[in-house]
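So, here come the structures, one by one.
Below are two complexes that have chain A in common, paired first with chain B and then with chain C.
After this line comes the complex of A and B, so read on.
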């Protein structure tokens, strides 16, 4: 069971944070192995998009910079390519740690975590999964665009028209009714159960 | 006269690198009979393939030559080259060791005149240059070879070339019929000084060792050596141009749980030495050293500081993530600078991977059960009932001075073992 994250009481450096991450975040027990060599951030194909990158984020965790860590965009930019995990000389499961930290930030309601592109994207993706049992490229893109407001959504949709056309040509996107799977109801029951277990494990 | 004197048991030293030579010489000079086995055709081991020694940048041949003199002058020391241990039985004070020798096909009458090499036509990889060059199938391993005696490569035995080689020898030194031999020796103690091999850079898939201008650190020693493939000029293997933008990559496969989990301790200093080689040759050269942390222990820190003061040697605190081929075929080093958080991609004339030292016994079936650590290094000495000792890099990643110290310690322990036996 995950222990509740201790309150920082407004402190910039929360010395209990690292320990909490070691003990509660998936793969966090291996984080103390990190020797700050930089192989992870250097291996990251989109590392330049990240505000900190994994190596620096891990140092910030150790320094107890809880707020800055949970507001970071680093977790949400991870594409799970696993380059860093393969190359890490200390076998730190970087990808797992980032993913779980992202979930922690979401759960704790950090606005930054909710507002990132990737969080919006994941939300739209999940919406489509629950609704149709699969992704409908068109509807879930629309849902994602709309999360930025109607005006912005129209702009984004227009900008992505060439992509949409190519997708349709390749039969990866279609017009008309969305294709649903047979057992949408059953799939939702599975997802509900998973959510229930997750909540129980997190002690909420 | 030591206790037991000339009647005490002999001591066996396995491996004729700097550690084995030191252990053998020290033991013999203390008045004990010593048998030294070396599996290759020459003594000296890996250091005979180094260009110079850190931190004084003196030549390994100098110290080796002194040791060879000590060997020549000591009747108590019997040495066998191209010889190894095939089996061990018995216990402290009374081991029976089966020695196996491989034919050299050249006997002691050899004067090293070189007529056999002139008669040879085929070429074989030159082990003393780590295979960077080839040499004739009748060869002297290198110009300072000890013993100074030619070797006929087994690949030509049974061919007309071998007959021509034999016919060329004026001294009747070529023996084409020599075969593998085994014989037993009785000794009271055994010192394992079997040394190391460079960690295989091919395993570092992200570092593109297959690119011609990506080499390892032992190859860099050869590039800088006057008797190496480039006569001592540091040139790009791809096109023979001068290598003036050079990257040295520390911990290439070391301190890495996917490769060698330990630190080999000498690679930082070896790379600092390589930076010095390049800077000595080219006034306008730039050398970049990529490191996790520089491990220059004790007195070696001064050498580190000296290089740090050179404005054309730059230290980047970063373990490179990858080395890739650039558009013009030049190697490009990529990674994150951990001080500035800059993500870089820089191209070089030459990239040197500072690979670590792996015990030469790792992955091999030893003829006897020895106490080895997780990495295959042989534990220096287990307990008093045991007459087995280790010295040099067989024992752990050591530099030359530490190897020699460990060899002297092993010699003394072995003497105590045979005296007390």
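After this line comes the complex of A and C, so read on.
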């Protein structure tokens, strides 16, 4: 562990990237077990939204296609249904690998990653987690909409109004101050430390 | 005789999934299940935070809950939310089985003077009903059977995937064709229709961030329920419930369908079948598509 991601220096096929993924990405140690059967891509409910299915993406990782892998939208369309995980005959934890690769692409600053709906949504969601210790469905949604700019946020909020109104009527929208845990400070200390360890281990 | 569990309600219990939490708390005593709230519980990160926070900080969220549960003393943590179950179970399993993980997670917890030793059992409320309570006990509680109510048993993903086995390695159900929900429905006196979309994905959190990509997934779930003439769809998952209910108007708009089918939790069906107040306990007044058909069939 603990190797920084090597520079590819313009190489299209960089096996150093493949090795780095095996050693540093969550579940990556199982990637070499992949036999390219395609059970994952065939089981994926949302494969049509992905520019590469998981099977192909894994082959690209093996081939060291760092740029193509990290610019892929595959990781950000995963719904975390875990069909691929339970069906993989070689026990590759596909979902975990995609989830962590998505973070790596984001952290390395790839615009293709950072501008996805998923990355924006996760940012807003985690803001609520850190601020209150819980998910405030109203506030993080507002923050997510605002990540697209004020104009777009207003459009999105308007489109969502009928749903919001019906949830409010059904007493399923929390009104009033956000629920906040007592241990917010303690939770943030734990998260800071966990981020520090992850950075130490993964290098990104 | 009742058994005490530490209960982790999860964030949706305070908003969009309040009807799951309230109805579960209502039926629990009847099933001999005593739920003691997890002290100062926090968000599990669901299928979302990993992209922003990373795998270890996301696991640390569950670890803080587990550390607090350990202090609380009950040997079992039970949650009714699919995502809370997955994340908490996953972290628990990693602490126990993944080399080096326990040290890392305890280093993080140590920043707040906390620790977790990996000894607790994390369980889903449905699994507790299957294995600890038993269907006989569910049947015994039914005073107003939901006779003639046709229900599509929609389990969704994360209630059984990837953790359909209990964390003791015992039986719970299967990944692709789980039967516990059919059993619950029939124990309540209703009819569970054959339902191939049982473990189809509703899009999960992607439906919240980019519904355009997943309306087709929800259409499949709704189409089959309609084709099988189900009166209601029943589910254990708060996100499935919310997505499949609230996006029906958008599905109709996009595909020209005319779906208007209520989506309820198994615990709402049980509360009504147990003769409890259909609104106060069964929370039928919290469904945005009227689920009064459940009330009408009760005791009929």
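In the analysis below, the second predicted complex is superposed on the first by the 196 of 204 C-alpha atoms of A that agree within 3 Å, B and C clash if a C-alpha of one lies under 4 Å from a C-alpha of the other, contacts with A are read in each partner's own complex, and residues count from 1 in each chain.
Criterion: a residue touches a chain if its C-beta (ideal position, glycine included) is under 8 Å from a C-beta of that chain, and two chains touch if they have at least 3 such contacts.
None of these values were measured; they are calculated from a predicted model.
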item	value
When chain B and chain C are modelled together on chain A, clash or fit	fit
Touching partner for A:191 - first (chain B), second (chain C), both, neither	second
Which superposed partner A:35 touches (first chain B, second chain C, both, neither)	first
Touched partner set for A:5, first chain B, second chain C, both or neither	neither
Touching partner for A:142 - first (chain B), second (chain C), both, neither	neither
Contact breadth on chain A, by residue count: chain C or chain B	C
Which superposed partner A:123 touches (first chain B, second chain C, both, neither)	second
After superposition on chain A, the shortest CA separation from chain B to chain C (Å)	6
Chain C-contacting residues of chain A that also contact chain B	83, 87
List of chain A residues in touch with chain B within their complex	35-43, 47-48, 52-53, 55-56, 83, 87, 89-91
Of chain C, residues touching chain A in the complex	11-12, 14-19, 40-43, 45-57, 59-61, 63-64, 86, 104-105, 107-112, 114, 157-158, 161-162, 164, 175-176, 200-201, 203-210, 213-214, 217, 246, 249, 285-288
Residues on chain B engaged by chain A in the complex (per definition of touch)	206, 251, 255-259, 292, 317-322, 334-338, 341, 343
Of chain A, residues touching chain C in the complex	26, 45-46, 49, 75-83, 85-87, 95-96, 99-100, 102-103, 106-107, 117-123, 125-126, 128-129, 133-135, 137-138, 141, 144, 162-163, 166-167, 169-174, 179, 181-183, 186-187, 189-195, 197-198, 201-202
